[in-house]
Every structure is written in C-alpha cells, then in structure tokens.
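Common to both upcoming complexes is subunit A, partnered first by subunit B, then by subunit C.
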Partner chain A sequence: MADVMTESETDVAVVGGGPAGLHAALVLARGGLSVTLIDESDTLGGQYYKRRAEQLAVAFGDFRPRGTELIREVRDAGVVCRTGTLVWGAEDGGRTLFTSDVRTGVLGRVRARATVAATGAYERSLPFPGWTLPGVVTPGLALHLATMDRVPVGSRVVLAGTGPFLLPVACALLEAGAGIEALAELNHPYRPRPSAVAGALRQPARLAEAARYLLTLARHGVRVEQGARVLAAYGDTQVTAVDIAGADGTVRRVETDALCVGFGFRPSTELPRLLGCRTQPDRTGTEQLPVVDADGATSVDGLYVAGDCAGIAGVHAAGVRGQLAARAILRRLAPGRTPVRVAGLRRRARALDRFAALADRLYPLPAEAVADIPDATQVCRCEGVTAGEIRQAVATGWNDLHGAKAATRAGMGPCQGRECGHIVAALARRDEAEGFAARMPIRPLPMAATVEGQEVR
Partner chain B sequence: MTQPDVIVVGAGILGASAAFHLAERGYRVVVLERGAPNREGSGTTAGNLHIQAIHTRRPGQEVPVDSARLLPLQLRASDHWSRIEEQLGADVELRRGGGFMVAETAAQEQELREKHEWERHAGIPTEVLTGDEARERLPLLSDRVRAASWCPLDGYANPLLITPAYLAAARRHGAELHPFTPVTDIRRVGDDYKVLSGDRSWTAPVVVNTAGPWITEISALAGIHIRMSPVAIQMHVTTRVPPVMHHLVQHIGEGMSVKQVSAGNLLIGGGWPAAGLDMAGRSTVSLPSMAGNLAQAGRILPFLGGLRLLRMWAGPLAATPDEMPVIGEVPGHPGFFVAGGTYAFTLAPVWGDTLCRRIAGEPPADPVDDLGPGRLLYDDATTPVSP
Partner chain C sequence: MSAGKRVRPLPETVTVTIDGTPGQAWAGQSVTAVLVSAGIWSLRRNPVNGQLRGPFCGMGVCLECEVTIDGRPGSRSCTEHVTDGMDIRTATHG
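Presenting the complex of A and B:
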C-alpha cells in the first residue's frame, strides 16, 4: 500500500471529485488519457453529488442518482480514483502534486502532464454578534444534515443571508421535519427588475427550479422576507434568539434553536494560487480568481481550473467547464485521437456565466458588510481575534494585511484564514483586493509519515 | 523631522532596538523601512533566545560560528532580555524555560563537554546531563538522546511582538517610523548623510544600516561595499496543542530547534535552507528541508509525529561570509554604522545598546572591535560573492 501511495504517474491529475472534476475526468479518460482523480473525502461527488453513507442510502434511497451514475461512469472509464487523499502541496505548475492519505498520513507524489484544479467553493460567512454561538451554522451544514442524514438542524430554524441557495436549503429542512421560524433574504431577488427577469428567462430550467422551491415554501406557509437581515444572535450555551431587521428597519426578536446564515459561496483557489497563476478580482471584488481562457487554462502552462474554483457559477456550469478543460487537454496531449467539438459547450458555458452574473446582481453582498461588523465581534474564530483588534492594528498605519495578521494572529489558526481571510483583507485593505497567500501545506498535514522519515522526494 | 540625529535604515529587530536605545537617550531618530516593519528575517525567525553556546551549523553552512567568542555577548543578551518586557512596557511572550542541546553520538557528547567548558569560563550556567537525566527532566525526549547540555537561561520571545514593541517604545520616546519608504540614495553632504526615498529626504550625521539582507545594497548607496551572504531558511509550525513542553530543544549535531510557543503551537526550525532566497517577495519553502527537519525533530521528540503541520514559511537570514555578527562604524565613513549577521534576534538588545553607546562616543559594554564591518569591506572594483 505504501509503495502504491508514494509515487504515481498519470497523464492528467484532477483535483476534486465534484461535478467539475467528475466531468473532466470522464471526458479525459474516454479520450484515451490516463487520469487520476483525487479527493479529500471518502467518496466522490463533492458537495452537490454527495453520497449517503451505505446504511442511510439503503434506508432513504439514493441521493441525486445522477451523481451515482456519473461516478460509475468515471470508474468504468478507467479513472484512478484516489479518495481520502489530501493534496497539500504542489509545484512545477501542478505537474507534481503532494498528497497525504487522510487516514494514515502516508505521503505521496503524483506526477502529471496536466492538472485540473476542480476544488470547488466554500460558503461565505460574514461575522455578526453571536455568530460563533453553538447552533449558528451555515446553510450548507443544515442542508448536509437534512439530505444525508435526514436530521433537521433544529426544530425552529431561522434561515438568513442571501443567495438562491437559501431556497433549496429551506425546502430540505422542511422535508426533514424542521420548522422554519423565518427566512430572511437580505436582497429583493423575488420582485426583480424587468431586465433581470429577461435574463432569467434565458435559463428556463433554473427559473422553474426556483419556482418549485418558492411553491414548496408557500405550501408550508414559509414567507421569504426580502430585504431582511440578521443583526445579532443571542444565547448562553446555544443560540436561543435572533434579532432580525426587516426591510422597513423595524427589529424583531425571533426565538430559535438553529440559525443558518450564509452569503453565497467563495471559490477555493488555494491550489492555483499556490502554483502562482495570475489572478484578478471576481465580480464581488472580494476574491481573487484565476485568470482563465474560455477552456479554463490558467496563466500557468498545463494548469486548468474548472467548476466553482474558476468563479462561482453552480453545478451546471461546473459540468460544462470540466468538459471544456478536459477537451482542451485532449487537444493538447492527444491531438487527433478524438474529434473534439467545443463550440456548443463554450456557448453553454457563456450562457451559464451570464446567469451567474445575474445571480450576483440579484443577490449582492451587503455594501457595508465589513464596515458594519462591530468592534467586539470575532472575525477570526480559530484564534479569537475581533474586528476591533484588527482595525486597531491597521490604524497604526504600518500594518497591511500581513502586518495585521502578525499583530493579531488573525488567520493563523487551523483554517489558515480560509474562513476569515476575506474579512481580514477587507479590514486591512490598503489599495486593492488582496488576500492571504496560499501556502503549503494547503491543509494541516499529519506529520507521522514525515517524522518517520518518509522521503518527500 | 527632516534633520534627525540618527537615521536608521531597516525596521527589523536590530533597527527597532537601535531606535529604541537611541530615542530613550534623547536622540532624535528616524526609521526608514522599505516595506512593513518586521516583515522579513526578524518576523520570520524562530524567536529563540540562545544563551548556551550555539555550536551547531545550519544544514549547508560551510563556516562554523566561533561559538566561544560569542558567549560573553550571549550572557549580556540574557541580562537584557530578562528586563525587556519591563523596559518596553509590553508583553512579548518572553519565556525563559531553559533549553536542552541534545547529542546522539559519542562524538556529539564530547562536543557538548567542550562547549560546557567554554560556557563555564564565560560564566554561563550549563550542565551536561546523561540521556536518562535529560529524560527525567523532559520525558518527551526519545531514547536516541545520549546526553544533553542544559541551560536554564535559554528561552523564547515572540518575534511578531518584540520588534513592534521596540518600535512602539521608540516612538513614545519621539522616534519617527516611516514604513513603505524604501531608501533610494544616500549622499554625503558635508559631515552629514542625506538619505533619500524618492523625492523625500532626511539628513543626519549618523546613519545606522540594519537592513538585514539588504545591508550590502543600502551600504552601496553610500559607496560602501560590504560583503554579506544572505540565505533563506525555513520554519515549520504545528497546530495548537495543550501545554506539553516549556523548554527549547536543540541538537548539537544538526540544525534543530523545537519549542512550544505561548499560543500552544510547536515551532520547529534549525536553519534548514529554503528553496532559494527571493529578495523581492517571499522565499519558497523546500520540501526536502521540511522532510529533513521534521524527521530529525521527530527522532528526538517522537510525540511530534502525532501532530499536524499547520504552516511553513521561509525568511531571509543576513549571514556574513564568516558567519559572525557584524557591528560597528565603517572604517573611513564616520557616522555610518552597520549591525547584522548571525544570531541577531538573541543579540538585538545588545546591538541596540552597543550602537547607542558607540554613537554617543562611549565604549560598549563588551568589546566588539573584532566584529566590525572592516573585515567585510571589499574594493569597489572587485565583485562580491553573490548570495
């Protein structure tokens, strides 16, 4: 096992087994290249095509059967699937990936001729008073519990933040038996301007999906309160109440046992950034995105990005982008072997990108999101650093983002600023969007193997 | 202030210490820093307070440090450090938990004993323990430890706190700090030096060059050619764990230092080389160095194998070709002082005090003439050994 784990060569390494990675791997393998698909989780599927544990699948049925099918196709196509494997570092433009077995800590190295980073996204949290109380979670966690385990995150749930994602989460919560006390959507996406409606009409399937969710909510008597936001959460050992400010500014207190707050997603770009690819700010101006061509090729030769890692656009765009990146690699590494048609895919990708841009306009981040964080509120929960402490460090005049980190320890904890980095950056910003640099190890790395003297190279 | 008494170039720990000592004595001080203060070697170093002799070479280090020579300065540094938090009115996470330097072989044990003799002569309290005696004091040490020297004065201070604390104290005494102000030229104007940063300038009779790896570059602006041999070394830090160890653990045979910092993380270093020195940005870490350093640390402290590596980073070390510190006025260039080189972190309070006394025309507390920059000067026409 150790020998197998430590060294391997492949034509293409795909990092991330979600929709983008699965689609990319499938196209590549069917095109005749050897493919190694690496994912940190025990199972493929990523967040969207998440797998239920075996017994739960027997009890509750298959979750999103398209995912099961896709994973089977990938395996049947001969893709080497390395689940439970963390990519913690990379060099040489991604042609060398450093891995660690999540369970044993055994180190490995994968050499590839091209690499696809399909590392997905994180949920975006914005700190507010009380956000670190037990019982305050992201919508994604609530969805996971509801769909995988059929466990409602609470019985009187408050769902808040912004984004289309709140709707399926609300529906899944209802299906899992939760009561929804309030659904506070920060923006006004459901009485949009005519221009937005026109844009949405070009994606009838997405529109129908949203309508289905809204209908389900209406059937359960759940009203989407637009223009409403969470001000603070209260409780001693667990969240018990939430202050919600309505569109008209009136504040009401809602009793709750679970508060789910999320503000959309942020791309997980550590791997391409670690490899030094050129980046530019995304549409929100808060994240650095790899600069890519129509197929997802980055400025680093041989490194491609696909899926939300290339900019948040959702599952359908992820699949298309994965296929595009794969076809670009096929043209390069296996020219002439397969007829490669991409015009239709590119058109589809552009349409989905326009739809994502529309979503960004319908669900903008709160303008003063960071400025409004009270001084006493924790920003970096790993190290317990408040917004005030970071502001104070910046106010000295000699601390930029990195200085603020050094002065306060914000971003030095186990998540290495993955959660708070965008907030600290906004608090410390001197000129333009910048964030914490991506460093090895990308995730905390079990040291057992290294300490035993296992060679890294 | 455009006409200070002293212009300090570089806001690392040495510049900050010099600024503090000078400002405290009433000198009007301006500190110019090319980027953010404490960003480079001073902020990326391990933070060890080496009071027992540093006898170990970094991996790849060709010339040994003259360990015995440095001991009086280390003893002096020990005194300074024990007063530093009071002096600066700041918590710098100073810990004096003592330190082990371990030996795995008979030859290494012999080195420990020689080192112990020098330390005894210098008045530094150390004792040589058997492996079992050392394990009795620190049961985390492995059976591989054959002997260890113990010094109760060894310790640690947080590198992220000490330089800002020095700078804050210097500013309370009137010093001016200009971050993001790279020095672009230094001109002799009468008996003064005019130091420029773009279209801004400051003029003073004294310049202190504490620019670390940029010492050569800054000196050259004044027509002074000082040979330095900067390298990049790397550090490793684990995720936090509850307190398990309050000592510094080093190795006599190979570069290694391990300690637990106040936040609970284990910091593992030892001067292992990074992939290369990048003066324009952050140097890249070397994975073979990571593997080597962690394997060696884990051999001495096996519990490390149960931890997770959180982060690693590289930073510059302003080494000199002879691996000894450099401190003093440049011969032929009155008023132009340099401080840098080996073990600048431990020696920072001593160098700040020494520079201050020299500038005041007083003898330093310990003789340092042999460590002056004269030995590193080279002729304009010759090319220095490139780093």
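Presenting the complex of A and C:
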C-alpha cells in the first residue's frame, strides 16, 4: 500500500458537500455522531449552494443565503469539513475512503463506520457539429460565471437544450448583463397537456418559481422557442454562429459569441458503483442508479446514497434524502439516542420524486436525438472519437459499450466518459442502460500523488 | 431587490499575468472568468487531434479548461480563484 500521509477515523463519512451532504452531516452530528464531510471544492455548498468568493460577496452580496446558513449550522454542529479533498477510491463497502489533497496531491485515508455518497450530478450533453469549439459551453458554466464571478459569458448568447434549468440560467445571464439572442427549448414543456399540469399543481412552489422566471424573460423580450434545437455551431477559433431548427423545421443562422447547451443532468454514481452496489436503470432508462430503500440504503451494508446521485430530483429532494439517510444511520449507530420521526420526510421524498418524474416527462431527451448525431461529429471530446467511428465499431461486432470503448478509445480520456458515456452507450446499445465501469481512481489525481515516493495502488 | 440598491464597495482588484501580459481582475474570481473577460476562450489543444479547446463544463468534470497556474500544469481554471501576482499560461501553440 502507498505511504498514507493523512489518516483519520470518524463515525460517518459524507462524500459531497452539496444540499444532500450538508443536510445529512447536520442531522448526523446533531445526533451525536462524529462526521467527516469531504468535498473536492474549496468551499462547501455543492453546485446549488455554491459560495461566492468572500472578496466578491463583500461587493455583490451573498448568493443563496440559505446555503451560507446551512454551512454555518454544519460547522457549528462540529462536523469535520475536509474541503479541497477528493475521494478517488474506496473499499470495504465505503468504510475506507482514499483521498487526495486537490492541490498538493497528498494522499489520505478516512475510515468510517458508515458512508453517505452525496456526490450530486453533472450536466448531460448531446454532441452536435461544432460542440467542441471554444465558446460552446454548458448552461452551468454560464450560470457560474454570472452568479459567482459576475461575468457575462457573452454579449450575444444562445441558450439551448432542454430542462427547467435553462430558465434560471437565462435570468442570471440577463442580470449579469448578457444579451440573449435565442432560447431554444427542445421540448414543449410550457404548454403541457392537462395531465402534466395536474401533477405540477401539487408542487405550487415549484410552479410559481417557473412562472417567475418566464415572466422575467418576457419582460426582457426573451422568447422561449419550444420545439427548437441547435443543429450546428460554426467558428474558426471560437464559436461565431449557430444554426437553429425551429419547431416547423425552418433553419436559421444566429450570430453568437457564446452558445450554452445542456440536456438536464447525469447522476454522479461512480463511488457507489465502485463499491459494487446493485443498480437498476433510472426512469428514463438511460442511467444506472443505485438500488436503494426508502432511506437511501444501498445493497452494500453501511453505504447510503442521497441527493441527485440517487437519481436527479433537485435541491429540495436532496435535502430530504440527506436527512433520511442520516436518520437511518443514527438508528443503526446511535440507537435510543434519537427520536425516530421519518414518516413525514418519507412522504415528502415520495412527493418530490413524483415531481421529478413529471419533469422527466416534460423534458425528455428523445432517442432520435442520438440517432441524428452526424457521423463526422465527435462524441468523445477527450479522445476525438466520432459518432461514425463508434457506429462502425458497433457494426463490426463491438456491439456493447465496453467493446465500443475498447475498439475506439471513446471514454478513455481524462473526463473518464462523464461527458460521452451516455452517448456511447446509446450508440452501442442493445437493450438496457449501461455505464462505463467505475474504477479507481474515480477522479483524476494530480501527478504529485503518484510521485515523490508515494505509490498509488 | 433592496440588496441591489445598497451601495457596496467594488471588489478589490489584483494583478494577474496571462501568457506574459499583466492585467487586472477582481480578487476571488475564477480563473475561467478572468480569461473569458479578457476574451481568451482558447486555452489548450486536444492532444489527439490538435483542435483548440476552452472551458466547457465549469465544474471540474471535463478538464477542457486546464492551464498552467504558477507553474502547475494541468490546473483547472474553472475551480481555481485568482490571487494577486498569479501567473496563468495557456497552451494553444502548435
């Protein structure tokens, strides 16, 4: 084994300091257990409760103050917060976690009696010609620049893809001073069928939120074009124009200096999958999710999942799931010390799951979207592998995900298939949702971790 | 939006050097934001096909935004914040 530089023990390790991890850590620490919360970022909060840098918060104010409050509560409760630390491996059902300091590469080992994986999600992309051009980004990047850094991603921005997330991003862009040239939503969510509306009415707060965003956009003269999609992006050294196909099939070219395209989110399930927990396809049949009970317990004893890593359901569900996982662990490790009131939380979790299912129906990624990717378009950005190369490999007999990967190198680059895995799977698919195997290191390690006398096993 | 109307100080500025050229940035901004503000979108070349690449995911997943920061190659510009005197180098030649 490698020379371990730092070693610690804790009752519970929580991986990921977003809404789910923060809520879980808080309940656990208040329940009397020692908790170590590990996050790769320099600050806690995850993506939703991202912290604006202190020097910028002085000038621009706090961002989502509820996040600040939650983080303060977590620290006050005595949670050991290990930020700037990534978890690159695990064994023994998650009771041993291998860590590395993001900057120095110093290795560490955390031993715990139970582990909560609250590793969140990342954005789902869909390749199109020109998507690797500089200036073509995810909506999440545009949101980060607008909210954290107060920098508009461009002056003539095109926003496209699908999902409720496009609306807050558009509003944040306007607030940061960006102009929006077009907002192309692939689906038709804002004139839904009555059955869908009935479902949404059970979550009036979420509905009001969407209405507020739509109103802001209307006030700025930004029209949400439904049924519209990006066909291709153009530019020499960076994006300068984009072709958008409208719902009626007409194609127009729009000049732009930043194109933001996203199709929802993919759960970040590497850690639970690495530990061998049982999985099953999600509602959309495109991702493998850990199989869990009502509290987030996986098939691996002592390993729990919470938040979007257990299935995309958003910030409110993440908080509830984090609390449920924490209470289940308290019942196990500190029996008798805690009041067991989970019926209300479980009910709320089920209601939020139903709402998430509704979002899946309103903002689907249709199968033909993958079938329509032109042969010459790169699917794997890291290794520069095109859709045509993958299709050819599949036709030659490499007709499953791993075969296609072996034959083409798609998914073997530094992002480890996080950007392309779902597309390679769809191109190679026989029948079921497949994912690249999770292998150590599940996050890229700085070279320093493998030199200077240290040896990564 | 009462918070927006309150008079707040402007953020502290720092000096950073991008490919040898000094410039100003707000302390605490992400390196990506400072590069984008300066109109610099191309940060590196894909090692397989030589194509120009720039920031994409903004959350440390895609690794397309790697630059050299204070001599540390492979630093993700999206997750690093600028500090006074920081040296940032892109790798778009070749």
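Methods note: the second predicted complex is superposed on the first by the 441 of 457 C-alpha atoms of A that agree within 3 Å, B and C clash if a C-alpha of one lies under 4 Å from a C-alpha of the other, contacts with A are read in each partner's own complex, and residues count from 1 in each chain.
Throughout what follows, a residue touches a chain if its C-beta (ideal position, glycine included) is under 8 Å from a C-beta of that chain, and two chains touch if they have at least 3 such contacts.
Just so it is clear, the structure is predicted and the values come from calculations on it, not from any experiment.
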| item | value |
| --- | --- |
| First, second, both or neither for A:P414, with subunit B first and subunit C second | both |
| First (subunit B), second (subunit C), both or neither touched by A:Q238 | second |
| Partner chain(s) touched by A:A53 [first = subunit B, second = subunit C, both, neither] | second |
| Subunit B versus subunit C, judged by how many residues of subunit A each one touches | C |
| Subunit B versus subunit C as contact partner of A:T286, first or second or both or neither | neither |
| First, second, both or neither for A:P446, with subunit B first and subunit C second | both |
| Which superposed partner A:Y122 touches (first subunit B, second subunit C, both, neither) | second |
| Residues of subunit A that lie at the interface with subunit B and also at the interface with subunit C | 383, 414, 444, 446-447 |
| Residue ranges of subunit A in contact with subunit B within the complex | 89, 91, 98, 383, 397-400, 402-403, 406-407, 409, 412-414, 416, 437, 439-441, 444-448, 450-457 |
| Of subunit C, residues touching subunit A in the complex | 3, 8-12, 26-30, 32-33, 36-37, 41-43, 46, 48-49, 51-64, 74, 78-79, 81 |
| Residue ranges of subunit A in contact with subunit C within the complex | 40-42, 47, 52-56, 58-61, 102, 122-123, 132-138, 140-145, 148-151, 153, 237-238, 381-384, 414-415, 418-419, 444, 446-447 |
| Interface residues, subunit B side, partner subunit A - complex | 33, 36-39, 43, 160, 164, 177, 179-180, 238-240, 263, 282, 285, 287-288, 290-291, 294-295, 297-299, 302, 304-313 |
